[in-house]
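Chains: A, B, C and D, in written order; residue numbering restarts at 1 for each.
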Amino acid sequence: MTLTPEQLEDIQKSRANPQLTLRAVAPGMERHLYKVQPVLNHGFVRVVDYMGDDGSIVQAARVSYGAGTKHVSNDEGLIRYLMRHWHSTPFEMCEIKLHVKLPVFVARQWIRHRTANVNEYSARYSILDREFYIPEPEQLAAQSVVNNQGRGETLQGEEAERVLEMLKADAGRSYDHYEQMLSQDGQAGLARELARMNLPANIYTQWYWKVDLHNLFHFLRLRADQHAQYEIRVYADAIAEMVKDWVPAAYGAFEDYRMGGVQLSGKGVEVVRRRLAGEVVTQETSGMSKGEWREFEGVFG
Amino acid sequence: MTLTPEQLEDIQKSRANPQLTLRAVAPGMERHLYKVQPVLNHGFVRVVDYMGDDGSIVQAARVSYGAGTKHVSNDEGLIRYLMRHWHSTPFEMCEIKLHVKLPVFVARQWIRHRTANVNEYSARYSILDREFYIPEPEQLAAQSVVNNQGRGETLQGEEAERVLEMLKADAGRSYDHYEQMLSQDGQAGLARELARMNLPANIYTQWYWKVDLHNLFHFLRLRADQHAQYEIRVYADAIAEMVKDWVPAAYGAFEDYRMGGVQLSGKGVEVVRRRLAGEVVTQETSGMSKGEWREFEGVFG
Amino acid sequence: MTLTPEQLEDIQKSRANPQLTLRAVAPGMERHLYKVQPVLNHGFVRVVDYMGDDGSIVQAARVSYGAGTKHVSNDEGLIRYLMRHWHSTPFEMCEIKLHVKLPVFVARQWIRHRTANVNEYSARYSILDREFYIPEPEQLAAQSVVNNQGRGETLQGEEAERVLEMLKADAGRSYDHYEQMLSQDGQAGLARELARMNLPANIYTQWYWKVDLHNLFHFLRLRADQHAQYEIRVYADAIAEMVKDWVPAAYGAFEDYRMGGVQLSGKGVEVVRRRLAGEVVTQETSGMSKGEWREFEGVFG
Amino acid sequence: MTLTPEQLEDIQKSRANPQLTLRAVAPGMERHLYKVQPVLNHGFVRVVDYMGDDGSIVQAARVSYGAGTKHVSNDEGLIRYLMRHWHSTPFEMCEIKLHVKLPVFVARQWIRHRTANVNEYSARYSILDREFYIPEPEQLAAQSVVNNQGRGETLQGEEAERVLEMLKADAGRSYDHYEQMLSQDGQAGLARELARMNLPANIYTQWYWKVDLHNLFHFLRLRADQHAQYEIRVYADAIAEMVKDWVPAAYGAFEDYRMGGVQLSGKGVEVVRRRLAGEVVTQETSGMSKGEWREFEGVFG
């Protein structure tokens, strides 16, 4: 991930000038503001703005005239209660705005989270940079043989080399041609909105993405999950670290009840009860399908 | 509108302690923060938090590394361009959180704006205060005779007195009974979630309401409009004053292109063109219905 | 619940005239179409339209050119997989439109589900009917002593009588005054948008409500839950019966994974594991708060 | 656009079996159901399902017990009134579901319309087909010299040939390498979720897209507009033709008030008034910026 001197200067200027505000301030988040957190080979996440803190969740839940409660421990207990009982609206009272640089195929997954605000760099209006995601060798995984939608072992030797070679060469050639099509040197120059169609899905794009804390947690639950594709998971992980510093109590509750938690089906509850009562239960006697049983045993087997 | 000493103290405490932040600060909005802006006889609006300023709109539109552009005048030109061309996503990058106290029948209109976050005071959990909206005499309007959904002349004399008397007496009696049903003095006491059903629609409720600037402008366009019911319009007007101080360039563009603007139909465009060419056009020759013509003539007649 | 002869005729006319369509038809739902399912003393739910069936969920998940798969059992397996793994978008491909008559205080809870389309009967434009929700004696519950937001024992004897008396008398008097304020007999007549403020929250309103199946399941999970207020739960229960006939496979998966399921926290998973390994775990050694432990023991105790 | 015999058979089977329904049926839409409407070189749009008709808009606006009004002309007048006054919720009561095949760069614009339901063909799970959008020669446009985000003249001669040659060669080579990376012939085979990153933005994808009529009109207003990129506009145009047959009254109102209409700013209204009063107004005396004036004169100049 490389920034131009001009971009670095813009960031430093933004960080150089603290101002007074009466709003809720989250010191843990102020430390992150504007800084670039590198992700993948050319990507990044950086916080551009935020609204609220743990106290704001409590304040809204109570519809109070001041901030939070008097005691931080009370705030935390209430926040855990709200999370446990799916009272989601108080978490919507915190908001975060991120500037993200990411490969297009990651952006295409990300954008499926609809309850968010987005401004993306326009390739109709501007020219994209020559920056492509090329996986690290240890991320060059084979197709999973058990999961149609997952990765298996890491590719080895010549096969890995061939793949990297193809990805690099095709990216380079596509971008060369992109530039040649756009060029107005001795020719008219193709419209930018057309020329971009030649660029592969590992080219980087950027956007401003703004979302409330409830919907961000939903994003993190799906995208920081082990079933998420690695290339979006690293973004979710980077964001999770920031959220932990921003709203530590809410993040703690999220970790316990969502990330570390498990959704048991009615059949799953029944099997746990029977086992606790000493019964031996197998897939055949569980009422579950094979796939469901495999997942259940992954937790309690 | 009356606040308890404890509520006033909470508000003063919130305003007493400015802190340093690296985020964009809107000085015009800091002046409003937490203060109570009275609306109707017991209601209010107060800003509890905000995110962004005019520069944030430009920053997002450009997906830039720093804030806004170098020159305020450039920012304003771009903001007007965005507003004129319905590029709404950059305006979504600003967010505002309000604490509002309002009659239930106003809340029922307000909540129809779905793209917002809300935490309302719970009458299942808590007991509502004895505060009702009673119109000022000049707001006691008769049913409009031309518009099924509007007001006509102000009621006069005995009729006005009778109406005010009924509203006050019914509100008082309903609240007395609400308290008697809830009372646990010598009886079990009805559940709060049931007792509340006896309260009329002019009782006050409160909520935290958070919305982005694009959707707030949509709210203002519909609710600060002359066709909106007076009792919600006064809230919209109070909010509009705050927005003007918060994002003056965006608000200026909104006033010109939305509030002060007019949507002409294809037929309307044609009539204007014909008139500019010197032709006399009447409803009969306009192709418009009578209702549409009346509205058109209200603008250009 | 009473319909006028004219309303009944409208409903019968709608049911009298089946037409040919090429769309997916759900026979179980056709039987419900337009019929009134009574809820509470004057309310109802009736299906006005629907889109899709179980096969439509499979069709969308596969982005296929035809309908569902060849075998119903395959469809069901896939639907259960989608539900288990929170793949919610295929469920959004089914849509339902309901006409609901419900007390205003129920409508106020209901409307908080934002991802839906609503057209409500307008009390600015029209005059509401004299119909109020008055609880059955067995629903006249005392405030819960353990839960701030719940019901306890049923009220008895004179207390119950007093409550019913107050609810009926206040409703009647408020409506009498509503009519007197509106009357144009010898007076101007108050505007409808003002007169309605005198009406209590147990008056009935009506709306058309349209929602996709994923969001409907979310509604049912929260509102058919035992913690939901009885007066909205009976609506959720009535809708659930219709959904069961409409999309039996999806409803079965919903019942098993959502309604009958349990969300275990990370701490809860740990306690189950320790117990299955033979350890005795108490609240003190569980790491859970008292409230959380109580809920956990309610499932596995 | 080519369908396999199996796909054609699926479509014919869907059309072969009309069933009886009590729901509102729109004969104009039944004719379109399931049929493939070709767009661009390999893309298409086809209606997979719909809910409601013109009468459903009226039915919801009136919260009535039956369908529409007695007279089609009354329905149309009400629909025009609703459209003129931005009463959008009745239009949300109609819903449409489309199956669309489209280039990825078009899909990326399209998905920005958030209030819709989408299921896209998954390139993590499945292998994409070798089908790319290659523009027709007359669509090979140069970058506009007046508009950063638009097209100018059509490319000519050798430049056009070079561009087409590059687009075709790069697409072919990228796809060859995609297949080689995926191949499990003598090697492990790269994971599908990784291999897809090599594919350019003109490859075709497919999705099921479901949206209500109000949001569809919003989509059409922006994407059937002359400022929209040609490659998405042709999809919008194809959909508009279907909507016209589905809800002719609503589409007529949309055409008059939205597509054929003009949004005048407050300054624009003033200039029209002054001109109608005989005054000569120029940009300098209009108060408008140059850009705004140019657009204004484009309508009334």
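Going forward, contacts are C-beta pairs under 8 Å (C-beta built on N, C-alpha and C of every residue); 3 or more make two chains touch, one makes a residue touch a chain.
Treat the numbers as computed from the prediction; the structure is a model and nothing was measured.
Looking at which positions face the partner, chain C and chain D present mostly the same ones, since more than half of the interface numbers are shared. A turn of 180° superposes the CA atoms of chain B on those of chain C, with the angle given to the nearest 5. Per-chain Cα centroids separate chain B from chain C by 29 Å.
Distance between chain A and chain B, defined via averaged C-alpha coordinates, is recorded as 35 Å. If you average the CA atoms of chain B and of chain D, the two centres end up 33 Å from each other. In chain C, the residues that touch at least two other chains are 89, 112, 118.
Those residues of chain B whose C-beta lies close enough to touch chain C in the complex are 103-105, 108, 111-112, 114-115, 118, 122, 124-125, 133, 135, 139-144, 148-153, 155-156, 159, 162-163, 166-167, 170-171, 173-174, 177, 180-182, 184, 187-194, 196-202, 229. If you check the complex, the residues on chain A that touch chain C are 77, 80-81, 84-86, 89, 112, 222, 227, 255-257, 259-269, 272-273, 275-276, 289, 291-292, 295, 299-300. Remark: chain B residues 3, 6-7, 10-11, 13-15, 17-25, 30, 33-34, 48-52, 56, 59-61, 63-67, 89-90, 92-93, 95, 97, 99, 117-121, 206-208, 210, 212 touch chain A in the complex.
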